[in-house]
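As written, the chain order gives the labels A, B, C and D, with residue 1 at the start of each chain.
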C-alpha cells in the first residue's frame, strides 16, 4: 500500500505535506504557474483545482490554460498538460506576463535557499570549477524578481539545502514561500520566517536542520490535510507512483 | 473602353506605366512586400507573379504569403490578399523581417520625395501647424532604412511632389527607386538618378517637372510593356476599374 | 482579470467601462476588423478626451474626431484607404490643433507596446535614422553597450488603458479567435492594462479545445466581451463580410445629419432599437 | 531563402548542411518535440565543436556531450526531466571544462534571440536584479533614458547559425505546423540565420490554405526539410506519441556500447538500414 493511501489514514507523508502546502499558496481568481522539473507544484496546482472551492487560472509550461489533462504526466512539461486547454499560452507569453507584473503565483525550483529567499540552482562549489553542475535556474532570475509571489520547495530539509550562504545566487527577489517535508516558510520584511512545521516535527527540529537563522513568532504545527485535500491527492496519484518516484522522507 | 484596354493598343497610360515599372523592380527568389494605401504596388506584385518567368515570395500587409486572391481588392490591405495563403505572416512579423535585414524589396508610399530619396508623408507646411496633415509614414521610417531595397511611386510628377527640400523628413535611407507617370529613378551613390522616361515624355520634360537636380547619363526611353505585362495587367483590371479610380494623367 | 466568471455583457455596458480620458489600442487596420460598433457606442455615450493608440487607424479615428471624442492619438499612418484617401475629420482635427498627434512609424509604436508587454521601460527599434520623427518625439538613441558601435533608437513604453479587439469568435469564457491576419491585436492584448473584446459570435468551448493553437487571446487576459453581429461594419471581417463601400461613401459626406444617420445605421443601433 | 524550390531532402543531407563549429537553436523543451533524430544524425556524421542555444535542453545537449560533439552552450535550465534528473554527460562536460556554458535565465536567452529577430544589437530584459548571472556574463544595465529611474539589463543579440525545428507537419513547400505549445520555436525561427526542419509528415497544401493561422513558420523562412516519422524519439511529439521512457532509461546507462546501441535504435537509423 502506497504512502499516499497510508497518508489518508492519519500520518502525513513528506510528499503529501509538500504538495498540500504548495497548493495552499494558491488564491482565488489569481494566475498561478508551474514550470519544468516541477512535478510537485504541478500536482499542487491540480490538487488546488480539485480541492478548493474557488476558481483560479492555472497556466503551465506546456502552454496549457486551465487544462483537463487526461492523465497526470511524469514530466511536468508534458504536452498532456495542455490537453483540454482552450488556448496555448506558450513560453514567450508566460514569461512576458510575469515580467509585466501579472503573474500572481509562480512555482520555481531551487537547490539551495538562503534566509533572504534567494536561490542557487546553478552549482555546488565555485561556478567556474563546480563540484556539481546543477540544472540552472530556468525561469528563476527573471521570474523571481518579477512575479507577485514566487514559491519554492525542497524535498530535503537540511543545512545543505537551506543555507546561510549560497554557493551562487542564481535568482534573487520576492520569494514568498518555501515548503520542505517538515516546514513552511513565508517571507516577512525581506527574510524567510517559519510559518508552520509538520505536526510530527517541532520548532527545535526545524531550527536544527536549517542553515539560516529565522524568526518563528506565530508559527505553529501545520493544519493537517483536509478531507478534500487528501481526496484530491489520492485521485491524482491513486497508485502512489508520484509519491514513490519523489522518494521524500521526513528525516 | 478603358485606358487599360487602350494601353494594349499601343499607347501607355500613366497607370500602366507606374504598375509595370514598379513590377520591374521585382527580382527572382526575393522577398517582396506591399503595404497599406498601396493599390499600385499591390497590382505590381500580382502582375509580376503573372508576367515574369521566375519565382519570388510576395508578402503583404494582409498577412498573405504568395496568396491566390479570388479577387483583386480595392483596399490594398484587404484580407482577400491572404486568401489561398498557406501561412499568415502578420504585421509584427514582416516589420521584424525588415529590421533584421531580410526584406529584399519593399514598396513604401510618399507624398514628397527629395533628390536623396528621402520621403515626406507627414505634412505640407510646418509639422506643428500643417497646411495639410498627411497620412503619416506608416512603415517608412523603419522600413526605408532597413529594407535592402525600397521603392516608391507618385501618381503626379511635379515640382510639388519631387522636391528639392522636404517639408518634413518622415523617412530617410535606402530608397532604391521612384516611379512616376513619366519617369523611373533609381539610386546611385546616394542620389536619385533618372533611369528612363516614358516614351511619350522626354528628358527635358522630366527635368522641367522635377524639383531636384538629377543625373541622367545612361537614361533612355522606358522599354514598352511586354505582351506578358500587358496581358497580366489586363487580367488584373479587366474593367479598367483600378485605372479609373487611380485617375493618373501623364500631364 | 478574473477566472471563470460570466464575461459576456451588452455592448453598452462594455463601452461604459471606458472612462473619459482613456487611451485605447484599437485592433484591426484601416477598414478591416476594427471594433467599430464599440467606437460608435463610445460616441453615443458621449465619451470625451480619448486617445487612440493604433498603427493604422482610419474610420475609427475619423469618426471619433468627427464626434469630438478624441484629444490625442499615437499612430503610424491614418487614412480611410480603399480609394477614400485621407481621413477628413481626423485631418481637420490635427490641422486645427484639436487633436494632439504623436506621430510614429508603425514599428516604433509596436516597439512601445512591446516595452509594456515585456515589462521594460523602453524598447530598441530598428531603422528610424535620418527621420525627423525622433526630434519631434524626443526619442533618444542608445549605444550598444557591447561595443558593436551600433546606436539604436529607444522607444518609451506605451501602455494603453484598454485594448479593444474585434474578433470572429469567442468561447463562452472569453477566449478570442481571429481568422486571417491578426494585425497588431496580439501585442495590443499583451500591452494594455485591460482587454475588451467585441465578437461576431460565441463558438462552442469544444471547438477551442480542439484547436487551442488558434486562440489569439486566452480568456484570463480578457475582462469582458460583447457579441455584436456585423460589429466591424462598415469595415470588413474576414471571412464573414467585406467592406460596405456605399456605407463608407455615405459616411464621407460632409453634411448635417450624416453622422447621426450613420450612427443610427450601425448594426448595433438597429439591434438595440428592436429591444 | 528560396521560393518554390523543392525543399524536402533526406535527413543525412539536412544534417550535412551544418558545418563543424555551428551554433544551433534547437526547438522543443526537455524531452518534448526536440529535433532528436537530427541531433543523432549530426553525431553519426562526426560533427564537432557545436554550440547548443536553447532555453531548456536535455536529451539533445546530453547526447551531444556524450558524443564529444559540443564545445559551447547557451542555456537556461538543463535536465533530462521526467524523473531522470540531471543530464549526466552534460554535467560532466561542464564540470570537466570540456564544454563552456553561458548560463542564462530562459527569458534572457529569449531576449537575446529577440534582439536578433528584431534587428537590434541588444534587448532589455525584465528581472535579473540581484542574480550573479550578469557579473558572470558581463551583462550591463541601461538606465531608462526617459527618466523613470528604472534600470534594466540589456542582453546582447544572440543569432544562432541555425534553428532546427521539430514539427508535426509541413506543406510540400516547407510551411511548418506544430500542435500544442510552440515553446520557443517561433522566436528561434525568426532569429537564426538559417532554418532547418524535421517533420513527422507532409500534409496537403490545401490543409495549410484552409487554416493558414496554424502555420508557425512560413515556407520562405525555411531552407530545407526532412521527413522523419517518429523523429522526436525518445521524446514526445504531441499528439502523435509520448516519451519512450524505457528507451530513455536505457540511454542513461553508463556502459560501453550504450551510445552506439542507442544511435542504432533511432527510427531514422532503422529506416536508413532498410534502404
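A few comments on the model shown:
By our rule, a contact is a pair of C-beta atoms (placed from the backbone, for glycine too) under 8 Å apart; a residue touches a chain by one contact, two chains touch by 3 or more.
Keep in mind that what you see is a predicted model, and the values were worked out from it rather than measured.
When the contact pairs of B-C are matched by residue number against A-C, A-D or B-D, more than half turn up again in A-D. In this assembly, the chain whose C-alpha centre lies farthest from chain A is B. Rounded to a whole number, the gap between the C-alpha centres of chain A and chain C is 40 angstrom.
Our note on geometry: chain A versus chain B, Cα centroid distance of 59 Å, whole angstroms.
Look at where the CA atoms of chain C average out and do the same for chain D: the two points lie 36 Å apart.
In chain A, the residues touching two or more other chains are 63, 82, 88, 98-100, 146.
Across the assembly, chain D contributes 118-120, 125-126, 180, 182, 212-213 as residues in contact with two or more other chains. According to the touch criterion at the top of this document, the contacting chain pairs are A-C, A-D, B-C, B-D, C-D. The residues of chain D lying in touch with chain C in their complex are 115, 118-126, 140, 142, 144-146, 148, 150, 152, 154, 156, 178-180, 182, 211-214. Within the complex formed with chain D, the chain B residues making contact are 29, 31, 55-57, 59, 63, 65-66, 82, 84-89, 93, 96-102, 146.
Partner chain B is touched in their complex by these residues of chain C: 29-33, 55-56, 75-79, 81-83, 86, 90-91, 94-95, 97, 101, 103-108, 110, 125-133, 136, 180-184, 186-187, 236, 238-239, 242-243, 245. Across the complex, chain A is touched by residues 1-5, 116-120, 171, 173, 175, 190, 205, 208-209, 212-213, 215, 217-220 of chain C.
Partner chain D is touched in their complex by these residues of chain A: 36-37, 39, 61-64, 74-80, 82, 88, 90-92, 95, 98-100, 118, 121-122, 127, 129-146, 168-173, 245.
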